[in-house]
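Here come two complexes built around subunit A, the first alongside subunit B, the second alongside subunit C.
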Partner chain A sequence: MAEAVAGRIAPDRAAVHSWLQAYGVYVGVGVLLLFNVAFTDHFLSAENFRTQAVQVAPILIVALGMALAIGSEGIDLSVGSVMALSTSLVALYLGYGPWVALLATVLGGIAIGLVNGSLVAFVGVQPIVATLALMVGGRGLALVLVPQLEDVRDPGMRALGSGDLLGVPYPVLIALALVLLVGFAVRRTTFGRQLLAIGDSRPAARLAGLPVRRVLLCVYVASGALAAVAGFLATARLQASDPTSLGSLMELSAITAVVVGGTPLSGGRVRVGGTVAGAVLIQLLTATLIKHDLPPSWTQIAQAAVIVLAVYAARERGKR
Partner chain B sequence: MSAANTRHRGAGSQEAAGSQEGAGPAGRAPRNRTADRAGPAGPGSGGIRAERLSALAQQHGALVALLLTVLIASLSFDSFAGAGNLENIAVSSAFLAIVALGMTFVIVSGGIDLSVGSVFALGGVLAAWGSRYGPVVALLLALSVCGTIGLINGLLIARARLAPFIVTLAAMLGARGLMLNITEEGTSTFLLAKDSVFAELGRGKLLGVGIPVWITLVLFVLGGLLLRRTRFGQHVYAVGGNEDAASLMGASVTRTKVSVYVLSGLLAGLAGALNAAWLASGVTILGQGMELEAISAVVIGGTLLSGGMGYVSGSLAGVLLLKVIQNVINQIGSLDSAYQQVVSGAFLIVVVVVQTWLGRRRKARLTSPG
Partner chain C sequence: MKPLARRLTAATALLTALALASGCAKSEDEAGKPTSGAGSEGGGQVAAEPTKGAKTCTVGRYGGEKLDLSKATVGFSQSEKEANPFRIAETASIRAEAEKRGVKLLTANAQSQFSKQISDVQDLISKGADLLVIAPLNSDGWEPVLKQAASKNVPIVTVDRQINATACKDYVSFIGSDFVQQGRRAADQMIKATGGKGKVAILLGTPGNNVTTERTKGFRDRIKKKAPELDVVFQQTGEFAREKGQQVTEQLIQSKPDIDGIYAENDEMGLGAVNALKSAGRKAGDVKIVTVDGTRNAVQGVVDKWIHGVIESNPRFGPLAFSTLDDFTSGKKVGQSIVIKDGAYTPANAERDLSKAF
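Then we have the complex of A and B:
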């Protein structure tokens, strides 16, 4: 319906915008790839692709949860803190074995998600504020549990962080499995349909008798659980638990990946494939700047520019 | 002015209405804000007692909580009410308070500014660098750059109609990147000259009270007058209440919105500059999480996040409340500073829940027949 209205006003511009919003991210990834192939030394090596893929996995997993939150016309700013909390929980529970640690981190993420979701769905707090509170409190909690960096020494964790199956690193496999899962949930399940309906128009969804509160609660629980898994994988890769810095600014990267990937901030649509490409785009951008010896501060400035450009490109197609 | 107005009206029903709905999470708001605003503003709204009470709780809750906390703290800790400790609280509140003042304007206008922490740090670094050319250059440099960031934010939000939280999130990243860039990735720290006049601005005292505290008080009085007693202030309320209605009544929505973000950038930059003067150096790691503290303080102070309603005085009480709580946590020696974050987060949740509940009750009352 949104397209129909926009089309009547200015068909050509709307078409260009809609194309750019949906596929611009793939063009961006392509351009960056070509640039790197042409100008970056040792870019085309299996080792490099492996590094990039392993680094992109946590961003991608967090971004999947963020895509669900944004699709429901919400946002989850607490994801970085959930990662910090999960790395603390790994340090605390690794003594009982990696599986217990994984369980603890996922439960921790679900707990934060339940608080976020209850605030949004039942109390009616704006998502940005509810998750902001958890963003502050969550990292504080992580630091209370584990005040400083701790080494994580466990053969199972090490295998998870640096091992592979048929040449594909485990974190990448897990990320891909989660992409398929979330993609399936959005496209093929009742939950996905209801989520998009709620994101499109909450009053309409309520009038249609959809379980708005339950679906919103599930969205934030899913986002928390995904961020916890990302924190677990990042801890496994770093082989250290560092609640001070792990996941800091992750909410920004995740939002960028989702928005650049063509999911509108106004909700009602989730582009899983675009989100994957968005996460890859951010990782490639960072890697490109680093490999060309530009200091990390340029990465931040470039990322800021990309966010604004992506939102600007998407703005014409807001919900009318 | 008239050109901007007609342009805005020309964009009319499709554009304006569309973007308000499409502004994303930050732009969503209950319908009844203009009516809400009439409550605390004076005798305009009816005399329903419960409604008055909830409006009072909204407006003065932070002040009451502050007084209670101070009372309990001074009874429980001997060291709390000492002059040294109170001065500590006052000075450390001053910088956050200036940032929160700008944030109040932004939130009342229905927006949010997540860039203030980075802008604060950038302002400090720029002022410290500029202080070698004298205090005027130091201040001007910080204010002009930070004001420009606010201007860019404002233009992107008001003209290009992008969601405030995403624009200012990007600005948060961009401003910190810029700051790191100036300081060679945060490795070089600019120190103030030993006997610089600029340092006086942070360290000096007037009648036994630090100059930053005086500056803060003056700014809050001016800010209160600006929001309550001027046409611009009324426009800020109107835009936050209902953008379409505001533009129909002749307020320039674009100009008002741009102004609040410029104001927020300027104040954050000024706070950073004063902080640098106080510390005698531009510290690069400052300001992280400051946007959260400022937003918490403003919300605790009774300003509605949905816009259209808020108090400058409440924000000051909110800042002091946060800082007193942090101070108390510091006094309990066994607690580590991470608890401050946990408590701040929990506190924010409680306040927001209560606010939402109060707002909903009042809304139900106002919309119910009779």
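Then we have the complex of A and C:
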């Protein structure tokens, strides 16, 4: 806030834009909340906030992994397909119980992450190309494993999808725990610092003797594992394994959340809090348009407008 | 890590994934799984009564020769992956009928890529198909293939979607459902369920799809005409998917808790709506849900009282497609546009007819 006040006193364009890039997302969330409180029926209710929180949880979890990838000056397009693969693995392994199914999905996510990470770190393939391959192939594999939607009747899965602890739904609790974990990893660990250094300048990081390849491998493994958890939770909530449509276009939602949240695509910085706010912003935007029954195409246009605004703010900052 | 080991990391990871995928999988209640999509069981299609003066086609007018279907080779080009109950049941039905009649069948699946479907059809012709059954992915873009088929005198019947070409010239006939009529019949069920009063919501299919447009048009027009006191207060896309249907319904019941009915343009979105109502603590029958398709899960929903009614969109094209081809090749008249008679599932017949669902 101090920066904002300073910006207003001395109208420095660059400073304003820089502030907007970092904190604009919170303003956006605030504006949408106020709008809904004023104009949307039944918005201020515990059930409504619960619905929004449960719906945003998978987007948020995927976006955390995406933030790490983008922070390392990379990107992970395969996250939606990892979700599809994990929903298939749930169907295949649920016979052993939900915990084994969760383990299988996370291992599947890690395996995809290892492929992505190896291609990026050791083979030197551009992240956008490496992960594009698995974005296409991952969903294909998921459909080979489970060719059509299968119902999930396990009571344990059902409880995970719709149960809660002290009034907070499990998917939301898990998402919050992962936010804290990723936030801690970025800010307080060597891994986090190395990741940011690599994202800032890979040659410099290499010259400084940082374990560039190992860190990059870890980044994509983390992104894969997080997307797998998101796929598991989405499956639990849907009470069905649906590899055809589960997680489709998730990569775009996640990238939007990260970029709108103020993490620059040029790497070297990861805003975990901003990513949370970015995911919430997308969710509120979608919810607002649906609740007011606006044509679905408007949701896409509105999302595009938000992205353009975010990128505009980033551009001004880059110029400074 | 040694350089070789590094390069092998990717391969190892992929192998791990495959091992995970296939090795020792154990899915939930494998024996108890409903075997959906079998083509032989359940009702094959029946054509609706042809309207008077409906256009017909004969082998003489189309240009071609009579032949004996039982000795012919039929090519079937499917549009989409057999990943949903409709496509599974459709392909299974064609296969079952070919087997029953002892006809040699060649099949291809375009995997939702139109360019692949064009080359699929060309392949089928060059592999010696005498007759073709096509489930078209698109309506347009068929001219090159139709020309090729015409030059070899291969009669074509299209199923479930129509193509933009001239019947009895570019192709013989089209067999399919009337999607507008399905919308109308869904509206009738909704009017009955709600008493013609109150607020209803529509879960639309994928935007820009002709099935969506026609199922919406039929429903809205009928409501406007027959139940002006029934308001459509909400209309959002669920993209024909269960997850989207569930998410949209969750938003709907938060902002309009007094909604009386939901019309879902396919079963999957309707099942998503049921999920949403269940997790919001609503009771079965609180909100009247009417869906279109007739999959086993949805009809089970009618039995369980969560869904009020299901309008059938019958995917079992096999018997009707082959009897049309048989009539045509033996010189009889066939309709240029054969609209099939779709059934319906209501609380009155759902339990008895559950086995007919696909």
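Worth a mention:
Convention: the second predicted complex is superposed on the first by the 306 of 320 C-alpha atoms of A that agree within 3 Å, B and C clash if a C-alpha of one lies under 4 Å from a C-alpha of the other, contacts with A are read in each partner's own complex, and residues count from 1 in each chain.
The working rule: a residue touches a chain if its C-beta (ideal position, glycine included) is under 8 Å from a C-beta of that chain, and two chains touch if they have at least 3 such contacts.
Everything numeric here is computed off the predicted structure, so don't read it as measured data.
With subunit A as the common reference for superposition, the partners subunit B and subunit C occupy clashing space. In the superposed model, A:Tyr96 lies in contact with subunit C only, and not with subunit B.
Of the two partner chains placed around the shared chain by superposition, subunit B and subunit C are both touched by A:Pro147.
Of the two partner chains placed by superposition, only subunit C is touched by A:His42; subunit B is not. In the superposition on chain A, A:Ser297 contacts both subunit B and subunit C. Once chain A of one complex is fitted onto chain A of the other, the partner contacts of A:Gln239 are limited to subunit C, with no touch recorded for subunit B.
In the superposition on chain A, contact is made by A:Val123 with both subunit B and subunit C.
Contact with subunit B, but none with subunit C, is seen for A:Leu132 once the two complexes are overlaid on the shared chain. When the two complexes are overlaid on their common chain A, residue A:Val311 makes contact with subunit B while staying clear of subunit C. Once the two complexes are laid over each other on the shared chain, residue contacts for A:Ser266 go to subunit B alone; subunit C is not touched. Only one of the stretches 5-13, 95-103 or 203-211 belonging to subunit C has C-alpha atoms clashing with subunit B in the superposition, and it is 203-211. 115, 119, 123, 141, 143, 147, 296-297 are the residues of subunit A that lie in the contact sets of both subunit B and subunit C, per the superposition on chain A. Of all residues in subunit B, those touching subunit A in their complex are 14, 18-19, 21-26, 28, 112, 156, 160-163, 165-167, 169-174, 176-181, 184-185, 289, 292, 295-296, 299, 305-306, 336, 338-346, 348-349, 352-353, 356-357, 360. Note for the complex: subunit A touches subunit C at residues 40-43, 45, 47-48, 51, 55, 85, 88-89, 91-96, 104, 107-108, 110-115, 118-119, 122-123, 141, 143, 145, 147-154, 161-162, 213, 217, 234, 237-240, 242, 244-246, 287, 290-291, 293, 296-297. On subunit A, the positions that touch subunit B within their shared complex are 9, 73-75, 115, 119, 123-130, 132-144, 147, 249, 252, 255, 259, 264-267, 295-301, 303-305, 307-308, 311-312, 315, 318-320. Residue ranges of subunit C in contact with subunit A, taken from their complex: 6-7, 9-10, 12-14, 16-17, 20-21, 25-30, 33, 81-85, 88, 204, 207, 233-237, 239, 241-244, 246-248, 250-252, 254-257, 268, 272, 275, 279-280, 297.
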